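Here subunit A shows up in two complexes: once beside subunit B, once beside subunit C.
Right after this comes the complex of A and B.
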């Protein structure tokens, strides 16, 4: 194996880590950035997305139906949760934290009651690794990287250029003024939550062939997403991509050089430094 | 009420009124410490079912020392201090006279400290070896047992030259790989790398890349549960499973369900038990298990099944000792034999000599490809 292909492999691994981190974190960033709500049940929506694939396979439906199933379930669940759990608790961040943590436990136990605590797997034949610049790399991963980029670019233009994006920006900058101008902030908030949860569910579907599937996996995604938000701060796309790059990049880079323990330690140290010195993130607006 | 129904009811009532008379003495309470919560919680249901099956079978052949076995369950999935409190309660206030434990080594250490050899304690899962405390009897496989015959066989069979060792960073992962390394070097093969990962790791890309770069043709996988699932999936997604063999000593049915058959090419597991063993004893056991618990029964696996072994061990030693006192059982234990779904078992040095099975994976799950008879545990206890 030449030096070059080693570099390309590590580069691809880092890109893949950034892509998956973007996918699983995006939903939480949308909700946190737009509504100021730290949704502790975020990881459970990723988990539900993966179990949608498990369920579809058990029913003997084509795998492709998993995506609409997951989007429907997570979207509906998101709407109900926003309406009956989040909305009554707006501007009470600590209560929201507790309530969504309880929701997380409830969802975990619910999935456990249906499928049990054991591991599940998706039986689909993934395409064989393909050559990427001379390095064999799993084709499915390359597709995920491409898809994550596509979603981010789309979101950027939607947020910057569309009138819906404008209303969202108005709401986050000054909710009272936005409402006075006739923007239905309640409806916008509900939509943002539904979109955030659907994104989480979608990422669960996409990652399901590659990850371990059991009722407890949500916490892993919540933790990573939390670190990204700590570094990136809230409410800007630049902050989000910055957070993803710093957390995902340093973890992947340090892990491949100095081992997994050091990689994880670096993430914790970076998060502590940011909480301490730059509590509003790298691109803070304050 | 039709006649058949009437007859059934009458027979059942008669049986009920007769049943207590079979057992002359007071019931024997056995504490069963299994993970009911925590990361190992997924093994709770199968362990509980196996304990219940063991108790009902032992009772149908007359109980232990003529006493009917009653089960008291405690949660061993908690932190060692809390788990030992739970066990202490079952022993002191619950009246348990023997303890069966299927849990991690940290909890075992705490329980041994609490019991101080005053109550017979049967430790049943796969573990790293080294337990010699008074009144403690170990039914589980040790690294020596699972690897000493298996590594030379598989190295010759598959003409392996370079092994890579990976494990979770704790006593079982490190002891298993240390034992494995020893056997690998004896075959003349090389060890081209070894690494130990904390339990928090869920991304294995860096390790998979290192294995690929090392040119290894075999990997000894001593990762546990979720880590094993994540690693093996990543390993297969990079296409390494096509050419590189994997061998694990704790890849049981649940772990395989998480890895997926499609990701298990060239994957071997070494264990004292698989649900698919085809010996008459193992088949009979699997049949009575599914008869008792039905189609929704928790999946049989080596860890859950080990609790059943613990009961057979208790029954056999108590029978020879004629007592449940630790002094008499300790004096009687050496050389005690019993037959189990795993095969013929002999107690030696507080551990067991048992058959070891090597399985690969086909479309239906594990398929035993090699059996080593009566393999010693490699443990020597002075007392």
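Right after this comes the complex of A and C.
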């Protein structure tokens, strides 16, 4: 019985790691996969989501308001950024990369100037652990796993089955032809960017009770998310989950055996090998 | 005045020298010590600017080489306190990072032309890996606390006299880079960032040029790192981390990525201002971030952009008298070209379907065929642009299936693209020179001035035939009309004196008069070179005017071959073109 619950606990922990990785990666996957934009400020939107919770608590508002606040801020910011920074640079992938990187720096420093460099914790009473197949496990974590799955399934059906998804796929495959057929690709691109950034912000809110919040956390989320996309490729749910499993799995596994640094090093090495040997088709869009 | 290219002291380099000399006198020794640190960073920033502003690929993890140079030099300096012979090992501290950079760049760039963004991210990941290694491997690197107690070099006080070493190195690298960008290698660097494909079609191994340049930039970074270790006396893992790499890029962007002096000053001004203001004014770095966005979005040349464009135009010409170029190393014989059952498919579509044909001996041949017949794809399969899935392509008896464009070009194959492709930000003269150097310029010649004055008889003859080009030699190629661009690219294709010319619709977009002229020039050039030409053309009257055999392609196969009149009477050909029954 103890053996069983140990296995279940381990499995749940890895599932949880993969679920959080999926949550933080989704926003980048949408932007990168649909627009071909390597958004280096992705992690900063996650960070802003977390700070939305900090801000809401400072103002004495109920915690539940953090989600709409984060969605509004990240969505608005995403709209402005797409309109004024990304759109003029679509044809220049290097400059997009740099401009979003500059944006990342700006956002990081702005948050640092407002809240300081130090760590922040969210003071919130999480629901008590519940029994999952006989193993007690934090309810909040279980909820996150469930939510991540829900969002993935929803996005899959939206992308594959809805008419909006069809338009998006048309735009991704051939933007010029899509435009000729009367699809407003500019509007669609803008929406995709806003959705991607809102997803990033939402993941920041959801993760906020479980992480140490500081202005520099964005880089880690960006890199992990990016590595997932490098390994998994774009546009398919299978590739996405594959990337999440390889990156999240190897990190979790190696970390548990040889420490966190080694886990990180392994992820870096896997990513370098993929970038070197299997990069085709990732930047070729748009 | 004419010989010495820099008219002291109005030239920016003269001003730079004056500025560097005046620092300790104006601000005192400690100020000079602080400025010295950012001059050191500036040298590494120049390396980043070289790759980014000149060659068009961005190293995002350049601190890796900076830190490596710093750790190695620091280790050597420490060892030298016990055994002075160690000082002779100091060059190794610069060469190991350069070698690592060369191998890294070569491994990435030789795989594909279009993986610049991946290269950036690989360097970024490498620098993070280096940071982890420096932190973990504490027996060697001192771990988190760093490698301390690095002695001063040759008794130079790091707080006073060492400034002169730093200033001198910074000045020398600036001068060296400013000279190099005007030399042939500098023009090739710019050509790579504009149109690497085109450069490969002239036979330049661009992956090696890029790897060499990256190694050179890593050498600069490592040299800066070595100075850093002596200047600071301690090296911590931060010296090869992500943050410093980022700062190099920002300094290069703000200062001016195409200007060595701009990159240096960017590092000094932004870096020093940040160090001073960061603690007093919490929004300072927000302002730096905003400035960085503005620069990327609106000022691609940074602060230096204000003076750089005028300088470039002024200095890119040489007043040396023209001299005859050495003979081309291309084989002096028409190579036999054989396509034997070549298959090319892309995403399930058959593009070439067991295509078999051959070209032997001099003279002009035309390839005709409806759209989608595989005409341009034939050229692409030959010059390594499309992967060949089956069959064999051979040139002069050598199996060249799967070769890269530059390898094929070196067998004496010249190609003109369907859409005229020239180096649009270089002048007509520079475009012509790049073509002229192909197959002629060897190794160190690219660092010398003399190839800038090279000329050949054929070049003069061709320019006499296209006199419009002759009058526009100092015009930027991107500003030429379509007709002149076609002419320029054709002349460029001829200049390396290839013996098999692949001409893809050389008359496209030309007026009837221009077409007529082009046909005359093609006939002249092919005759003059004693070459064979394979020409794709839709205009049957042009094909008739050119004479020679005609190959009719259809659906990736050779449908018919012969003189135009024979081909026109061929029933299969009529069926394809006029829709008659086979």
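In this text, the second predicted complex is superposed on the first by the 273 of 286 C-alpha atoms of A that agree within 3 Å, B and C clash if a C-alpha of one lies under 4 Å from a C-alpha of the other, contacts with A are read in each partner's own complex, and residues count from 1 in each chain.
Here, a residue touches a chain if its C-beta (ideal position, glycine included) is under 8 Å from a C-beta of that chain, and two chains touch if they have at least 3 such contacts.
Every value quoted in this text rests on a predicted model; they were computed, and no experiment measured them.
Of the two partner chains, neither subunit B nor subunit C is touched by A:166.
Of the two partner chains placed by superposition, subunit B and subunit C are both touched by A:261. Residue contacts after overlaying the shared chain place A:143 against neither subunit B nor subunit C.
In the overlay built on the shared chain, the residue A:85 is in contact with subunit C alone; subunit B does not reach it.
When the two complexes are overlaid on their common chain A, residue A:269 makes contact with subunit C while staying clear of subunit B.
When the two structures are aligned on the shared chain, A:7 is found in touch with neither subunit B nor subunit C. When the shared chain is aligned, subunit B comes close enough to touch A:128, but subunit C does not.
Once both structures are placed on chain A, subunit A residues 261, 264 are touched by subunit B and, in the other complex, by subunit C. Across the interface of their complex, subunit B is touched by residues 1, 6, 9-10, 13, 16-17, 116-126, 128-129, 136-138, 140-141, 209-214, 216, 220, 251-252, 255-256, 259-261, 263-264 of subunit A.
Residues 39, 41-42, 44-45, 169, 195, 197-198, 200-203, 205-207, 209, 212-213, 226, 229-230, 233-234, 237-239, 254-255, 257-263, 298-299 of subunit B are the ones touching subunit A in the complex. Of all residues in subunit C, only 56, 58, 107-108, 111-112, 114-118, 120-122, 125-126, 128-129, 132-133, 135-136, 242, 246, 249-250, 253, 282-283, 285-286, 288-290, 292-293, 296-297, 300 touch subunit A in the complex they form. The part of subunit A that touches subunit C in the complex is made up of residues 38, 85, 88-89, 93-95, 97-99, 101-103, 105-110, 112-113, 219, 223, 226, 230, 261, 264-265, 268-269, 271-272, 275-277, 279-280, 282-284.
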